[in-house]
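Please find the structures below.
Here come two complexes built around subunit A, the first alongside subunit B, the second alongside subunit C.
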Partner chain A sequence: MGEPRHSSTTLALMQELALTEEEIARRKAFLEFHDEDVQRLQELGGLAQQYADEVIEDFYRHLLAFDESRRFFTDPAVLARVKAAQRDYFLRLTRGVYDGAYVEDRLRIGVAHERINLPVALYVGAYGFYLRAVLRRVQEAYQHRPAEVLPLFVSLLKVVFLDMGLAIETYLAQRERTIRLQQEAIRELSTPVLPLRERLLLLPLIGAIDAQRAQQLTAQLLHSIRAYRAKVVVMDITGVPAVDSAVANHFIQTVQAARLMGATVIVSGLSPEVAHTLVRIGVDLGMVHTVGTLQDGIEAAERLLGYTVQKLEPPMLVPHPEEGQ
Partner chain B sequence: MDGETRVPICRDSDIILARQQGRALAAQLGFSSIDQTLIATAISEVARNILLYARQGEIILRPVSQSEKKGITVIARDEGPGIPDLTLALQNGYSTSNSLGLGLPGAKRLMDEFAIVSEVGKGTTVTMTKWTQ
Partner chain C sequence: MRVPILRQGPYLIASIQAAVTDEDLLHLGQEVVERVGQYRSRGVILDVTVLDVMDSFAARTLRDLARAVRLRGAETVIVGIQPEVAFSMVRLGLSLEGVGTALDLEDGLALLDQHVRRRGKGGR
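Let's look at the complex of A and B:
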């Protein structure tokens, strides 16, 4: 299942999961993974060499017997390569060295699994199969010393649980990274600056405003003010669920920056709840031109620009073709 | 509705999560829409302080009751640098981070009860409660 690749991703992951030497030691302590376990695993090492090929054959026979796991091994060349890597992976369990390099190796495998979208249940299930295959062989080899089987197997379990913890955290970390990237993408999509009339821009804000987004939208607005030679901007915050002092501060700074560029900003869409809250916190929006609704905002902007909107009597309704005649 | 909710705060999006959870709990407890916004904003202020000064901590949301009254208690706890001068920190417009300086005093005004305990080098705990009218 494993393929070594991309050590830079793995290193970043080591940092993200804060897998320092101390943290690795803490994890081992929690697993009660001690020196005697290392010795037992080393003792198992010789036997592991002997059964490695057989276990790998059993392991892939099992994986290829199920549709959900077979689909990862459709290419025979890939299968051969993965088999060899998997053999190394298993052998490393009993090599007796469980340091930072070991952990890094385990994370690399986790990253590879995440990339091919290997379900966690398959990973855990396959590991279970491996453990049963090994247990059978250890029991055979120690049939004259049966009392030693359990301690050996328990030591193996400890290191396997160390592995599984790392692998599952790798999955989670990768998913979180994906979510972060998507959030950034949404952020970019969500702040359009719309030219509404000559010299009039509309900036409709939807969703939560955080520091990063506030900075981005200020920058975007300032560019647009220059590009459209805008004089008035209506910033509509109807779709912003919460305005705390930090968000209010962002708004004030945006308004000030726009003013330096020669544009007046009208903030529209303050809900009664938000207005009430801002007054209670003590935010002074005195220097910001605020109006209730988007419509009020656009009307105020038009007045500032000298537009008058006139209603025609009778109204010139354009009939729909099918309703016409 | 009985149990308390804990929201770890270690990045910007956690503030939004804490705020949403707080608003949802306030709605369950029967707070008005305006009060829900006041509570959510107070949570936002203290959560942002955690992020700004301690980098990480947690927000605990707890339903409380006193005879007939129902309320919500919000605890913001961190193990950050602590606040050397609480009087100053509770003053309007005082800020060490170029903000409006309304975070703590603002949160205090939004809630009915407000207590802050801080020890330099140990951390800060803000406990605040709002009661349904």
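Let's look at the complex of A and C:
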């Protein structure tokens, strides 16, 4: 079914989170998760087998008692399937093997939870219920050896924290990926290169400019210069909220690169605030042709290209669309 | 491989090949500066369309060539710098200050014509 897709997402995730064998070992060391913990958990394994079904039933009874968790299990078929998966998850906690495959399995669960938008608070809360249910049963089973209960429980806590760390990172990684994709989309949307006249391009910049966007912008502009055989480019920065020395340096680089390809760049839309800021922080845009407004920029570009725009006298009447018929 | 230098009216045109070595470039520099006088050329076009990389040595050599050519009374235009090359040159801080640049051979010739006309008017 969906299995191959799962495993490829989790594999990618393992790489993204850099979960190598060493990293897994580091995490265990940080949790002070040692061989004796593995032994204790294995010891719990038998008990877990015995109580698994009971704990799972309790667990889902608890989940179904609350509106916010019940809505994830409206379909009985889904409920049956997740119960089986949950049983497997539960038993794996005390199987005594906590290697790369174990981590991958835990990530897979995290991905599944993230995909259905299960809130992190519910995930953590459900884990708390688990721990309470198990603790109760361990106490019953170790009635005659009460001194062993605490070490057992502490070992269980360690593996549970390992799990929770992985699951929460899965959530974060998925969110970060979404944010990254959206940023890319915004970036592409916001940098059109428009041919305005023959051999004249307009590049209206909107929004903040960081190093990555500046680089992409310059590359895009240079390719457009070649594609349109542009001689002059008007780069309008009216829509750029802040111009600091880093952004100004990007402009200078763009201007220089365009010049190497035989094109002149005019930077337009330097508002009074931007002009003051640049002077105050001591940025020298001396080698860049700058003008105040887009209109000035286009007029300067037309002069460079030898265009003249003439106003008809008397002005042509602009017909209303309906009257024009 | 030596870079061939072609004569086109009052101009010299050299197309630099992808496999050009540092030595070839130095040789080209000497050759061009010599021929400018020999043919009384008014301009030089260096076509680098096929270069997919321009290192600091090449940039400096071409700039020096252009300066020497100017001392001999002609203008140099470098044409055909590719977007990727332009970008990496700027990032490496390599500039071709004082050297004319144009998109391609056609634009380069037009730029030289403009120079020659301006000089003619200036009564040099």
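The criterion applied here is as follows: the second predicted complex is superposed on the first by the 213 of 325 C-alpha atoms of A that agree within 3 Å, B and C clash if a C-alpha of one lies under 4 Å from a C-alpha of the other, contacts with A are read in each partner's own complex, and residues count from 1 in each chain.
Please note the rule applied: contacts are C-beta pairs under 8 Å (C-beta built on N, C-alpha and C of every residue); 3 or more make two chains touch, one makes a residue touch a chain.
In this text, all values refer to a predicted model and were calculated from it rather than measured experimentally.
Of the two partners subunit B and subunit C, it is B that touches the larger number of subunit A residues.
In the superposed model, A:Gln183 lies in contact with subunit B only, and not with subunit C.
Of the two partner chains placed around the shared chain by superposition, subunit B is the only one that A:Pro272 touches, whereas subunit C remains out of contact. In the superposition on chain A, A:Ala208 makes contact with subunit B only, while subunit C stays out of contact range. Shared-chain residue A:Arg280: touches subunit B; no touch with subunit C. Once the two complexes are laid over each other on the shared chain, residue contacts for A:Leu222 go to subunit C alone; subunit B is not touched.
Of the two partner chains placed around the shared chain by superposition, subunit B is the only one that A:Val243 touches, whereas subunit C remains out of contact. Residue overlap on subunit A between the subunit B contacts of one complex and the subunit C contacts of the other is empty. By the touch criterion stated above, subunit A contacts subunit C in their complex at residues 218-219, 222-223, 225-226, 229, 231, 253, 256-263.
The part of subunit C that touches subunit A in the complex is made up of residues 78-79, 81-87, 89-91, 95-96, 101-104, 107-108, 111. Listing the residues of subunit A that touch subunit B in their complex gives 183, 208, 210-212, 242-246, 248-249, 252, 271-274, 276-277, 280-283.
Interface of subunit B with subunit A (complex): residues 12-13, 15-16, 19, 33-34, 36-38, 40-41, 44-45, 48, 92, 99-100, 102-103, 105-107, 109-110.
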